[in-house]
Every structure is written in C-alpha cells, then in structure tokens.
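Some structures to go through are shown next.
Below, chain A partners chain B and then partners chain C, in two separate complexes.
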Partner chain A sequence: MHQLLPLGTTVQSASGHPCTVETFLGGGGQGEVYRANLVDRVLALKWYFPEQATPAQRNNLEVLIRKGPPSAPFLWPLELAAADDFPGFGYLMPLREPHYKGLVDLMKRRTEPTFRALATAGMQLAQAFLDLHTQGLCYRDISFGNVFFDPETGAIQVCDNDNVAIDRAVDSGVLGTPRFIAPEVVRGEAAPSTQTDLFSLSVLLFYLLHIHHPLEGRREAEIKCFDLPAMNRLYGDEPLFIFDPHDEGNRPVPGLHDNALAYWPLYPQSLRDLFTRAFTAGLHDPEERVRESEWRAALGQLRDTIRHCEHCGAENFHDVGRPADEPFACWHCDQGLAPPLRLRLGREQVVLNRDTELFPHHLDRLRRYDFGAPLASVQPHPQHPQIWGLNNRSATTWVITTAEGTTRDVEPGRSLTLAAGVKIRFGNLEGEIHR
Partner chain B sequence: MTAPTRWRTLTASVCGAAHRRRGLPNQDAVRVTRCPDHAPLILALADGHGSAHCFRSRCGARLAVGVAHLARSQLHEPVGLSGVRRWAEEQLPRELVREWRRRVERHLAREPFTTDELDALDTAGRRTLAANPFVAYGTTLLMVIVAPAFILYLQLGDGDILTVAASGAIERPIAQDPRLIANETTSLCSPQAWDEMRVTFQALAGAPPGLILAATDGYANSFRDEAGFRQVAHDLWEMIRGGDWAGIERGLPDWLHEATEQGSGDDITVGLLAERTDAGPPDAAPRLERDTDPHERTAPTDAA
Partner chain C sequence: MAIRPGGELATRPLHFIWIADCSGSMSTDGKIQALNNAIREALPLMRSVADDNPNAEVLVRALRFSGGAEWHVKPTPIGEFKWTDLRAHGQTDLGYALNMVAEELRIPPMSERALPPVLVLISDGQPSDDYIGGLEALMHEPWGKKAVRIAIAIGEDADTDVLQQFIGHPDLKPLQANNPEALVRHIKWVSTAVLKSASSPASQAAGVPLLTHMPLPALPPASDPTLVDDVW
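Now for the complex of A and B:
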C-alpha cells in the first residue's frame, strides 16, 4: 500500500546519519509513516506527499524540533530527513509502543480497559494539554488518531505532532473534520488556539469516558445526508449537548447512542457537572471552558472514587456528593452496595479497595500528580487474610490514632488495620478512614 | 493522479452450486456507481447470509449495495485528505448502517413477515427475530471507492479485496479478520454494526493499483489456500496487461461457475476495477448506474 519510499531506501537525517526504511506502518492524508533504523535506533519516519511537503510545513517542523517535546508522552519530531532520489522531506520521531491502543480501538471494542485505566488516561491527557499550552503551543487539529493509551495502566502517548503550532499563529490551517473543533472555528469566526484546544480536550475526554460524541444525539440521528452543511450545523452553527439540562432537543437515541445512555449515569455528579459546563456555557463562551488543570483534578479524583462491587467485582464510582444513607446499586449486577471505606485527605477522598495504592500525589502536597512509586498499599494480613491493612511503603514513619484515642507508630514496611475512625499522620498531611 | 473515469469496471455474480441444487436463489448483490465530473467511482458487493434466520438476506444484500452510493455525498467536499480519512473511519460506517436499517424498516413496513416465513423458524429463531428483525435481512458489505486523490476500502463481514500493483505485487488492503472463521461473520444486522466495519484509506501519491479485485467469500473459499486465490488476481492482471479485458468479460462467468461447482458451492460475486492502460477512445458521458442484477451474468461497466 505504500507509495512514497521503497522498503530498504536510505534517507539522510538532518544530523547527517543514514536512516534505512524497514517497514510500512500506515498512511494518512499528509503522508506515509515507516519504521526506520537510524544508527541502530528504531524510530518512526513520516514522509510527506509532494503537495504536503511545503516550506510552511518544513518551517513548522524546524520550530517544533528546536523547542523539543513539552513532556514525555509526546512522540515529538526529532529531526528532519531528506533523500536525493525522492522528492520532498520527512521527519523522524519516536516509535509508538505496540501495546498502546487508539481511541478507534476503544470505539470498536478492540480493547476494553478498566475505568481506572480510562480515568488515568484522561488525567494524563489533560496534563499533556497543559504541558503543551504552557509552552505557547496549540494542537489545532487533535482527534481520535492522535491519542493512544496503554489499556493496562492508562499511560498515554500523543502522536502526529507535526501539526502543533504556535498559539494564535496567523497561518494555522484547520485540517480535519469539525467533530473535534470548537464551534467558533467550525463557523470560521476564530483561528485554532489554546482556547479552542480546550474544547477539543473536552470532546476527547467525553469520548474516552462515554465512547460517544457529546453533540451527537437526536439531531444527528435525524440527518438524512451527513454532508458538510449538516456537519457544520451540528458542530458549529447549532451545537447542543446531548445532556443539556435545559434543552432536551438532542438527547441520545436508544439503539443508536446506547453508549452515551449507559455510561453517563455511572459517573459522579461532579464530573457530569463539569462536562455540562464544557458543553453548555463552554460551547458558546471560550472563557467558560473547563481548564486543563480542572480536568486533571477531576479525573484524578474520579480515579480515586472507583470501588469494586463486592458481589460481581464490577468497577463502580463512589459519588462523594451522594448522601451516605441513599441506597446505591451496582450498575452491573444491580445488587445493593454499602458505602466503602475511604481515606479522607483534606477535601479529597480515596476509596480503599483491595488493590488501592497511594502515591506521592495523595500523601505529599508538593508532589501532586506524581504517580511514580507507591507510598502505601492496601494488603491482606499475612496470617488472617480476611483482615485488610494499609502497608507503609514509604521511608517515613506514620503516626496513627485509633477511634479509641490510642496512638502508635507505623514504621516503614509495617501495616495498620483498616477501620473507620482511624486517623493517620503521613508526615505533613493527615488522613482519616471513614465509611 | 488518475480520474475515476479512467477506470473500467466489470462485475459478475453466479448462483452457488449448492444453492442451485437446493433451489435457492443467488443471495449476493453487486452495484457500481459512477458519478459525473470525476466524482468517485463506487463498487459495492454484498453477500446475504442465507441461513434459516436470514430468510430475506437476498433483499438485505440488494439494499446494502443500494446504500453504498451515499458515500458520494461528502466526497465532493473540500475537506482535505485528512478530513476524508477521518470521515471514512468515523462517520461513513454509521451512515451506511443507519441508512441500511432505515431501508430495511421501510421494506418490512411494506412487507411484514408472513406466517409462512415465521412458521419455518424454530422457537429460538422466532425469538431472535422478535428481538432483532434486521437479522432476517442479514448481509455483509464490501466497498471500494476510487476518487482522483484516494481510494477507500470498506468491509463489514467476510469477503476479500485484493490489489495488484503495476509491479505485480498483490496485497490485501484490509487485513483478514481472525474472528471470521467457519461461516461466522460480522453483519449489517449486528447491533452497533458500524463498530465492526473495517476501513482502509489510501492516498494516491503515485500510480494507483493496476487492478482491484473484490469478491464475496464464496470465491476465495473455492481455492485450497490463499496462494491459489492470489493466483487468480495475478492471472487477471496478466490478461489486463496483455490488453485482453474482453477475454475477462467473456470468461469471468464461466470461471465463477467452475469455482462454485468445484469449490465452495456458495454464491460468488466479483467486482473488478482496473485502470485503463490504453489510450482508448474518450470516456462516454458519465452516468449513475443501476443495480447489476445478481443473476448469472457479467455486467461490463466500462465508461469508455
């Protein structure tokens, strides 16, 4: 299927090293991507179609290469490449790891990650957008094809970064379909910017958690011919959130939009409120859009409210805003669930499941969003497996106060028994277990 | 780049040998849509499942190739190749499935299931149909869309698409789906069928494939192995290179008959798209072609 570079071709990297084309990985609207070998380093090589290999594209790439990646998840252009025998140019970038899956895989159920992995992926995506925007860059054209995630861990990789541009650059062109683009850009009233990226981020996050587009409801179902005017109406001129609390005119249609109907009620009200703001006020007023940091915090909290059904094991979300005495049933088996044990840390709560781990993100206010080595984990008692405890995996001694008022130290490597009313001082932060 | 009117097409469809012996009709359908003004050329094939539950699958297959031309609606738009690719991957499958379901619903409203049709089913079959009446019309869909700047290949369910490059290299633009074994197939009648549709987008930077062959699964199943099936594409390409398109037109129905008799016993439908290599006379006035009747005939659809 590849047409631009025969396999085995050697191109020259800008640093003067030969780079051999090994296999064809895929083609898109701008060019073709190959697996290539640069001095024993395996990389991806994107080669542009002649009409896409423009001076503007080359200039943009040079700027991006000079700036370097905003953070680790970006598979960023490393250097330009050219060949004597083939027109145009290409660029080298890190190769995406094969176990990363795309949103299309999610949509087509070729991967079925846990809610924890999805929430983690969403949190990391928000972080990646924040990293990009703080560099003065914007995405312009992000969509399904750009974001990949590890279905086990939720770690993300962001690909095809050659269309990233300086925020509010005059010549930034819109390349894709309107589905991920802010309404004012679809209408031709604004150029892509960090503000319009925030809308795209909200759509991607909604898609990630609902496997559905937030504007595709009854209005989309009634379209007879899905041509450009219809798309412009749906995403630009008359966008309406499918769960708009004040206008039911675009609700999901059973049979067509079942994912949206199934997933929306599962999430805590606070997250639904955030999506509602993003796709009601935020549709029309860019200043009302949900910021990257807000998404990051909300999805970090979502990750911590996951609880496993004690009957069937399905992941449910404990809604911290729900009254404790309000009955709650598992979405999967419909059996009633008692409130889970939780660790309250300031304004946040972490549900204590049998596999819960606490990270610097939770226990060190100076290391927010650090999910590196865990500092604590829920574990069974070695002799009495029905008793569960919190194991101190940090280098700091914790001090606990039981419900009865006695205090004791929990040295590194030791555990405390999980029980409501126990207070734990983790260095400079105190938490309390409650139900 | 090559305008679609530079492509010639040929379709043929034969009733399966096993079907003829049981008095069953050909349940495949095929249609070529050629539009004016260098708009895309669309080849669509469908293979009605033909099982007891799918007693209207012949109709379902004909409805399926009928909705394929919907793809024209947006391919005229100046959305760029990236936009076309995204639309094809994200939206087109939904539109095709949805329109097919609309048409099935209309057909069913006009012609509700008869007592005879329902009596022929066992209890489980009637239960299946009550839950999902689209099952009665179950069919696969294969599509190839050739535009000046790109080719799109779409597949839902079994069937095969091969391309032959000018060099003679044969490829499958859509990888085989490992789930499609032993007559198990994804289908237009499946819930969320659009999620099962596989799409490959090929931007045309250099020479397009010299030959594109699309076939319902009865053809590949007639060969001992993949190599035997690929040999057919190779032989056809050799004939085209040798200027013997007319020989293919004459011979194709017999070859398909022979394949079903000695091979799968299943209905076989083939669509060929070949780039014109000769100077040839100027293309005739473009036209929107109607369904090719899927019975025992070839339909040369060369616009030239």
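Now for the complex of A and C:
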C-alpha cells in the first residue's frame, strides 16, 4: 500500500545525486521503504510519513550519518534525501541481501537453520549490540522486524537504524515493540536506553533458541483477551519468567507452550542459568541484566558444545558441567550417546565433530570473534578416511605432545591425528584432546 | 542435518469481521461495486500483513445485511479467503446484523483465548430496524466489548451518529468515504494497519493517547476536499 512516492520518482540525495525510486519494499509505522537507484548503485530508500518527518528525526539522522555504522551488520543510514514535489524527507541505506531471512520466517518455521547457525546468529547479534553500545548509542526498538539472518551461516543484518540515538540524550518518543520492551519502560518508569536494549536482546535471544517468549506461561494462558492492558500486565506489571527456579507460578502449559518445554532442557545448564538471571534478577534490576559480552561468550560456548548424534545426525549439546558417567540420550532418536571427543582450551571446551573449525577467538582470548577464516579444521586423512585429524590452517607451527610423551611439530597445512591425551601448543595457548 | 524440535510460534486466533451494508441504496452510483473492488484490492495486502505476523492466526469472515442479514463468507484463514461479490437490495437491518455478530462472539462458538476481534462496519444509510437492541446485544458479549470497532461511512447520507455509537469511543470517528478512491484507502487501512495493531502492535511511541484498548495507528491521510461529492 505505497502512497508516499510514485514508482519512477526521482529524489535528490544530500550529496546532490539523483536517485530513482524503483520498487516498493514495505511500509511501517514511520514511513515506507523503496528500492532505489543512486547513480547505478542499488540502495534502499526510506521515506517518512509527513507527520514523522520531524526536525528531530532529521537531526538524529544527521548525527547517525556523521558517526557511521558501528560495525558491518548494520544497514546504516548513508545520506539524507529530499524531493521538490513531495513533502518531508527520507534517507538512503544499503539494501538487505536477499538470502537473509527475517525472524518471522524462523518463528513460522519457513526456514529451518541448524542450532549451529542459530547460536552463531545469537553471537553476532550480541556482538552487534556491543558494538552499537560501545559507540554510546542505543537501539531502542529491538524486535522481530529489525533483524535478519543467513540461515546457512548465521550471519546477521540489522535494519531500521534510524531510531538509534545517543544513549539517554534524545527523547525520540520511541518506546519499542510490545513483547520486547523492558518492564520498567512498559510501566512508564524509564525511557529506552542501553540497559533496556539489554532486556530486549535477551528476549530476542530466547525467541531465537526457543521459538517462544520467556514470560508467556500459565499467566498468558489465563488471559482471555490478549489486548494492550493484558500485555502491560504480563510484560510490565507482573512479569514472571516461565522457568523461574523459585516461583513455579508461570510455568509453560503443555498444549499451549510446547516449544518452551521442548527446547529448554536441550541447552547446557550454564546457558539456562544465564537466561534465568536475565529474566529473574534482570527483570527487576537493569544492573543485573546479562551483558552482550556474556551472551557472546555463552553462545560461542553453545556453538562449541554441539555434537551430532551418531545414530540420527541430530545436533545435541554436550553439557560440560554434566558428570561424564551420567547417561545421555539424543533428544531426537533417544539413543544413548557416548561423551564426544573434545579439545580443552583453558576453561573452554570445543567438541570435535567432523565439521568443527577453530577460529581466532578460540586460540587467543584477545582476538575478536571472526568466523571468516578458520585457523584449524577437523578433516579425514586423505588415504585413510576413517582416521580423523585436526588440520593446521594457521600461519604458525603447532607443537604436540602425544599421550606417550613424544613431541612433534605440526607445520601450517599439516594435520595431527585426533586421539585422547594429545596436547597441542597453539602459540600462547595449550589445548588437550580428551573424551 | 537441520533438525530442531517443536513447531511454529504459538498463536492466538484473530477474528476479522466485515459487516457490509447491502441495502438498496448501495446499488446506486456503483457503491456496492466500489466496495467489492476495494475489498479485493486490499486482500493481498491483508495477506501479506498476516504473513509477517507470527503471533496471530487471522480468520476473516463477512456478514451482509439488508432485509435481515446473512453470513456472506464463513470464518476462513486469511490465506484461503476469497471474496465473492456482494449484491444490494432491500432494507438496512443493522440491528439484525449486530445480533448475528453478537451470537458469533459468544463463547462458544468463540474460543476463550484470542486476540481482540476486529469488526468493520461499512454503511451508506440509516438503520431500518432496532439497531440499539443489536448494539446492546453485541456489547453484552465480552468479545463484543473488547473488539476493535471501526466504521466506514459511504457517501454523505450515511448516519454517522449510528456509526459513532457502534465505535463507542468519542475520539475515534467513522471514516468518511465519498468516492471510490477514499473507500479503497480506508479499506486498505483497516485491513493492514488496524489488523496489524490488533494482533502485534508495532513499535510504540510515547505520549500517544490510546483510542481503544489496542493502540490504533494514525488514520490515513484525509481525502482531498476537492473530491468530496464528485463521484456519488
């Protein structure tokens, strides 16, 4: 239902270039988004409804354009645009890549990513919001509609960045999207800030991993008409985590909240503890909320604990806190699983699957999370495919000590055979393979 | 292999009900044809809004009223909803129609748990029966009270006082459609923006007064005053 700019209209970018409106992409509460062509570059053009095209919005956009994107996943405003024949203004931003899917697609199961892709998407989300908050900016409207992900790799893109603002500096009037708004904002006690972004991020991560909202349990089931007063009660006045360890009053109801019941027990205790903190202490005290760096580490660890069931192939999570002798069955086929071969790296553990790769952050705690180029990967022996090894894809030589005490060099490009008891020195960090 | 447990995000039903005046006067000046056209125009947009909404299972139905009233389309998932043309003749039995809506909003057949229903009343004239009784029956039902009620007045002869009573909120006025373009715009607005806010409200702005118990988006731009009366 586009009505602001007819297709074919030419608007002027702030840098003085003509920009032609090509197709309508979508509309929202603030305006409409079009695909547009700026001097042979295809971009997205958002045009505001007249009542939303305020001087405050314009000033905010100018600040954002001057600052530039916090990191690559942000489809950030590039420049303002105006037109002689149409009131108001708009801005240009990069176009979302077509293979990225919306979180609505995930919620409606129109895309079925692996747990690995979802954990990666969660890590990247946490990293993106860390980058944003580090710049002194807050997002204020984290929700399903603003985040897109690549179901193959878990790479993300963050859209609708025009409401981003300097933390606690500007009151743009945006409160957020119901179901994602922090309880103190729902109650009208606080304005959106980086602290309330942290709550919204936790909700988004819970949705990502459970296809369910963390506060929708028995209390939601008891609501007949799910209108705004009901939402305000559930998400603002009387929020209670569905898995609160000290209050069972809002447990998921079988038949209504089955996803929550199906997913929650699959995850390692450490991740469940983090969600518990986010939605118990963190519900009421913003200072207790889980920080982006904590989510990033926890989801990185989640990614590293994935092990494939040798019977059905389903991804399971190896809980490093679980006693090794406790029997463990695949959630999908229910067959017993032996503990997987793992690489212990300091306090962290990485399960060694046939497709495991190690990245810079695994081998050097100070390195940034970057899934671009692996430093090691599990590979079969070229002549003996039943033997698996860890291939050195880094530029440095590793030194291994076998269980028998022999030391060997593993030059770049060479592999070591995976066996329990082998110790590997990767530069500053030593790892040990164990089962 | 991508295997994950569970199903889609849990949804609640959202009942969207067109209540269309098919009295004889709707047959003049192509009004009923314009209404048929406007709803057809809006359907793909409505589908796309429903498609983007993970929280609601949108069920659409339509009631026609003239001399008496009858269900024109039974509750249908939005993905399968097809519009068949309405024809106009006879009286304007709005009261009869509202009684029938009230019966459908009773529990059962309505489920106990749902999103607020959306009722859209479209009329060009004055009720010919006891509409007050019908409205009381509707408002007697909890789901009737909780419904987001919108009214569209077609042409200058529509009784906006009656439509205002149906809406039941002084700050929310009937939408005036004096020409087919305005009708298309209003129908599109209710089938997209109102549908969206009744199920999964978009981001909320501070300081915006709530017109109903669900936040309603800004009304569509007012029709061009030079167009008023031009067409019918």
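We take it that the second predicted complex is superposed on the first by the 428 of 435 C-alpha atoms of A that agree within 3 Å, B and C clash if a C-alpha of one lies under 4 Å from a C-alpha of the other, contacts with A are read in each partner's own complex, and residues count from 1 in each chain.
In this section, contacts are C-beta pairs under 8 Å (C-beta built on N, C-alpha and C of every residue); 3 or more make two chains touch, one makes a residue touch a chain.
None of the values given here were measured: they were computed from a predicted structure.
**Q** Report clash or fit for the pair chain B and chain C bound to chain A in the combined superposed model.
**A** They clash.
**Q** With both complexes superposed on chain A, which partner does A:H332 reach: first (chain B), second (chain C), both or neither?
**A** So A:H332 only meets chain C here.
**Q** Given the superposition on chain A, which partner contacts more residues in chain A: chain B or chain C?
**A** Touching more of chain A: C.
**Q** Now for A:C225: first (chain B), second (chain C), both, or neither, which partner does it touch?
**A** Both partners, chain B and chain C.
**Q** A:A373 contacts which: chain B (first), chain C (second), both, neither?
**A** Once the two structures are laid over each other on A, A:A373 reaches no partner at all.
**Q** Just checking: does A:V42 make contact with chain B only, chain C only, both, or neither of them? Give me first, second, both or neither.
**A** neither
**Q** Quick check on the superposed pair: does A:R109 touch chain B, chain C, both, or neither? Answer first, second, both or neither.
**A** both
**Q** Of the two partner chains, chain B (first) and chain C (second), which one does A:G313 touch, if any: first, second, both, or neither?
**A** Once the two structures are laid over each other on A, A:G313 reaches chain C alone.
**Q** Report for A:G29: first if it touches chain B alone, second if chain C alone, otherwise both or neither.
**A** Both: A:G29 reaches chain B and chain C.
**Q** For A:F144, is the partner it touches chain B (first), chain C (second), both, or none of the two (neither)?
**A** It touches chain B and chain C both.
**Q** Looking at chain B, which part out of 129-137, 201-209 or 219-227 clashes with chain C after superposition?
**A** Clashes with chain C appear only in stretch 201-209.
**Q** Could you list which residues of chain A make contact with chain B in one structure and with chain C in the other?
**A** Residues 1, 3, 27-29, 49, 104, 107-109, 141, 143-145, 175-177, 179, 221, 225-228, 256, 258, which sit in both footprints.
**Q** Note which residues of chain A are touching chain C in the complex, please.
**A** 1, 3, 27-29, 49, 51, 102, 104, 107-109, 112-115, 141, 143-145, 163, 171, 173-179, 181, 191, 207, 211-212, 216, 221, 223-229, 256-259, 262-263, 266, 312-315, 331-332
**Q** In their complex, what parts of chain C are in touch with chain A?
**A** Residues 1-10, 12, 45, 52-55, 112-116, 142-143, 146, 185, 188-189, 192, 200-207, 210, 213-215, 217-218, 221 of chain C touch chain A in their complex.
**Q** Can you name the residues of chain B that touch chain A in the complex?
**A** It comes out as residues 70, 73-74, 77, 79-87, 89-91, 95, 98, 163, 171, 173, 192, 195-196, 200-207.
**Q** Touching chain B in the complex: which residues of chain A?
**A** 1, 3-4, 27-30, 32, 49-50, 104, 107-109, 141, 143-145, 175-177, 179, 221, 225-228, 256, 258
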